[in-house]
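Should a chain be cited, it is by its letter among A, B, C and D, assigned in written order, with residues numbered from 1 in that chain.
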Amino acid sequence: MAKVGFIGLGNMGGPMVRNLIKAGHSLKVYDLSEDAINFAVQAGAMATKSVKEASSEVDFVVTMVPVGSNVREIFLEDGILAAAAPGTVMIDSSTIDVGSAQAVHEAAKSAGFNMIDAPVSGGVIGADAGTLTFMCGGDKDSFEKAKPILQGMGKNIVHCGSGGLGQATKICNNMLAGINALAAAEAMTMGERLGVSPDILYEVISTSTGRSYIFETSNPMPDVCSTSPANNKFKPGFMAKLMLKDLRLSQAAAQDAKTSTPLGAAATAAFQQLIDSGFGDLDTSSIIKVIKPESK
Amino acid sequence: MAKVGFIGLGNMGGPMVRNLIKAGHSLKVYDLSEDAINFAVQAGAMATKSVKEASSEVDFVVTMVPVGSNVREIFLEDGILAAAAPGTVMIDSSTIDVGSAQAVHEAAKSAGFNMIDAPVSGGVIGADAGTLTFMCGGDKDSFEKAKPILQGMGKNIVHCGSGGLGQATKICNNMLAGINALAAAEAMTMGERLGVSPDILYEVISTSTGRSYIFETSNPMPDVCSTSPANNKFKPGFMAKLMLKDLRLSQAAAQDAKTSTPLGAAATAAFQQLIDSGFGDLDTSSIIKVIKPESK
Amino acid sequence: MAKVGFIGLGNMGGPMVRNLIKAGHSLKVYDLSEDAINFAVQAGAMATKSVKEASSEVDFVVTMVPVGSNVREIFLEDGILAAAAPGTVMIDSSTIDVGSAQAVHEAAKSAGFNMIDAPVSGGVIGADAGTLTFMCGGDKDSFEKAKPILQGMGKNIVHCGSGGLGQATKICNNMLAGINALAAAEAMTMGERLGVSPDILYEVISTSTGRSYIFETSNPMPDVCSTSPANNKFKPGFMAKLMLKDLRLSQAAAQDAKTSTPLGAAATAAFQQLIDSGFGDLDTSSIIKVIKPESK
Amino acid sequence: MAKVGFIGLGNMGGPMVRNLIKAGHSLKVYDLSEDAINFAVQAGAMATKSVKEASSEVDFVVTMVPVGSNVREIFLEDGILAAAAPGTVMIDSSTIDVGSAQAVHEAAKSAGFNMIDAPVSGGVIGADAGTLTFMCGGDKDSFEKAKPILQGMGKNIVHCGSGGLGQATKICNNMLAGINALAAAEAMTMGERLGVSPDILYEVISTSTGRSYIFETSNPMPDVCSTSPANNKFKPGFMAKLMLKDLRLSQAAAQDAKTSTPLGAAATAAFQQLIDSGFGDLDTSSIIKVIKPESK
């Protein structure tokens, strides 16, 4: 079993740490919140007082923080690369921009470390159940070294390509999920306003060519499918402001890749409108409020 | 077994007639093309020389023609309503605008007939195999009367609501299918340009939250899934110009329903661009040419 | 001086009638509202009790009604074409879809009448001041015959082409105006959120390459230009719901013309969202509420 | 008269240097291209061999380079801030992202220098004629110190706010220009396909509410206005790839400002499609090729 330093103990990082402990690993943890550290300690982790302390004298460092500038900071300035012992394997599971991911990869490589970016899908439920999907970017050797640790937190561990391409893959997927949420809101509202019952729309489309995972499981129209947060006043689930973050990342990636995304761009604008209207903390399915403002 | 008048013997109508004959019904057919009539006669139908002749002295009239003005014409001017015997049940399986569907419904009702709109999904393959889905609009009584005939041509017969709501439901579904095709083209191209292999993108997204029926089965990126027309130089399948027709119908429906469809509108613009570039006869998956012009 | 039948005495039709009377013409008027008729009578018009009465025994018939189906109805069913004397010149100043305009043109021509479509720009203020612009469609002969009457109501009388092309021209112009209103809202809000004072944004852009008539005179950001309804809590001016009507006409025209309008489509969706939120009676400049919901 | 170090001698920088010399200033210049340096020397400038040499022992440093990373590099790494004497005033006239502009501002301020960002509008013609508009960001003191130098190169010198807000203002303006170019292409093509002559469309809209500076002076439809590059096979003018650069900057700014730009986003997608099709070196007016591919 391995020694693992884990930095970032939020809604996702917390349960990931618990699963690593269950899998038999030894954990050193750090977070800006003392409460988050204490919670991890109760699960069997060892507290540390800094990023550097958490990342020294371990076999693996796993990071799970909000945005690209955080990742740059903790790797390049706060010192993971400075503090880590030779041979430490770095795993960044944050969802960040491809550019930051590649910059940190390069720095890690220059310093002689194996590193992968490994953003996840599956949400808090997947983190808790240990069933996350990891989309990994990095060289084959780094991927193979990181894999046993990832298997302690997830089910589906995919190698997507070189450094940064885990992020690229995730962003492509999440752009589609955001588009599909808005598209479902458009079609359900249009159908309802034309006079079709939402139940029938759901039933027919769920078995026809227009269906998507989001349409079937998180339909923005309340009360048409049992699993949708729309049924519960849009209580998340996956918050709309996080979906906007991912859509914004997709648009930054489109810029880097010099590629056009007319639907990705329109979905980004719609989610920005939703957040501007004060609904960022609701579930992604609340995007229906942009199309049908009377939705509750 | 019933006497059925069938008007419109094209790619869809032809095989639908053959299946009705196989189911034991007696068919009188009409089309503007003599060849199409002859082909139906070889399958056992009786030729007629006009819409009126085909729709007189039958139990059911089924119509399968290109656009709304055709339906208005054959019902209101060319005389189905004038020629049909009392008690004849009318089934329009054309995909047309909701407004025309409702106008013809009203006229049929005023003339004392049972009528349903019953557009299909499933394409030429479904028509041939007798596995079409029928999305039906009309009163319950008309639906029940029409059902036995529809069962001779399809598997899934759904009552979507009052007159015109079969069309409404189909248009909502097909708008989503068009959006999903463009969205898939955007995500696959972006991922590829970021450096991810199309195979990996397909594999990951097909099992993640961004997936859709179109992404999985008709992916616009060639050679990532076995069933896509993209693999075969975009040979249809479902022609892009027909998808544009359905998207245009969706935008007309959005206007009638006073509802906003930002993605539906953007997809319509993109398909118009594709058709403007001369690719209307290719499969819908060729929408990738708008995003990645070098696609072949 | 001429005898003129005028049908439709609303916000636009009322002042147009008064200007025709001032110009020395003799007016017979009709409207569904008795109040509107009485108001015209006070200005010197003769009341009538039907469309047919207003359009019989006159040299010209002018119509100014809300939508295409109204125009079809009063010309084809209610009887302008039936009631008018040979040689009567028909002028439809309503803003309607190109298809309806062309259908009525054709019927008028078949019945032996000269007809033009002559939608206006200039709004209520222009109607009152007699400074409207008329965009005219019809043959040269009809245009020349109608011109003297139009000169009693407007300044700029343009022949745009054959029947329906007055409507086509107006719709192209108004689509641009709608796009420019939304574009101005986007740029002003973005600049303000980046930290630039709205006054400076207005000053710089009004003298630079990004400027437009709408940006300069009806800027959606309150208090940057003296003429904008945005300064007065978005009191119209030109109501947002009428702009949506014109944008919807543009999208129907795009369908007829088989042409793509990605910006026209996105603007239509945004105005539909504005109207869905209950702001249809505000000025067009209130479109800023879609981008900056806290606008007042 | 002042000593000025000038870095970046391209299509814009070259004529700006010549105008500064004409205004009586003493110039030290640097560029990666020796030819560009030689050309400036012939106009009276003194050659240098590095960024550092050009920016030492001068009163002002002016930079005019392609992208944000260039600006970061020459200020922060290549050493303008390291080489410049105390009291040197820094002027960056490049068009770059707001983030880079603000980062360099901050570094300059920390090092004790006055600095402004001063992107220009007016193009190569304005640079040559000395009639550029400068949109300036920085504190009032820096702006006043820089003004006399800017007056040697332009006519209209505007103070837009604190550091970076010159860039912000320019990006808002150019986003509108890009939108207006695409909007003009949509309206002109739609009108033409409806049957209106392009000349009449241009004449009517140029005097109506839909008009914009771009519509009037750089109309994408060939041969409707004398000044448009569209008349000359889209020879630039302002290259489409530079417009895409500015639109991409606008979308990055929208992300920073947390604001929605549905039209800005759609225009960005359309210009990316144009560039993807190989037309990046044509004038911006060639955007009509996305709407009307047969345009030449």
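What we mean here is this: contacts are C-beta pairs under 8 Å (C-beta built on N, C-alpha and C of every residue); 3 or more make two chains touch, one makes a residue touch a chain.
Worth saying up front: this structure is predicted, and the values here are computed from it rather than measured.
Taking the mean Cα position of each chain as its centre, A sits at the greatest distance from subunit C. Comparing the chain pairs A-C and A-B, the larger number of C-beta pairs in contact belongs to A-B.
At the interface between subunit B and subunit C, over half of the residue numbers involved are used by both copies, so each side presents largely the same positions.
Each chain gets one centre point, the mean of its Cα atoms, and the points for subunit B and subunit C are 37 Å apart.
A straight line joining the Cα centres of subunit A and subunit C is 50 Å long. For this pair, subunit A with subunit B, the centres built from the Cα atoms lie 39 Å apart. Within subunit C, residues 254, 258-262, 266, 269-270, 273, 276, 291-292 each touch two or more of the remaining chains.
Against subunit A, in their complex, subunit B makes its touches with residues 98, 121, 133, 135, 156, 158-162, 164-165, 168-169, 172-177, 179-180, 182-184, 186-191, 193-197, 200-201, 203-205, 207-215, 250, 253-254, 256-264, 266-267, 269-270, 291-292.
The touching residues of subunit D, when paired with subunit B in their complex, are 262, 266, 273, 276-278, 290-293. In the complex of the two chains, the subunit D residues touching subunit A come out as 248, 251-252, 254-255, 258-262, 265-266, 268-270, 272-273, 275-276.
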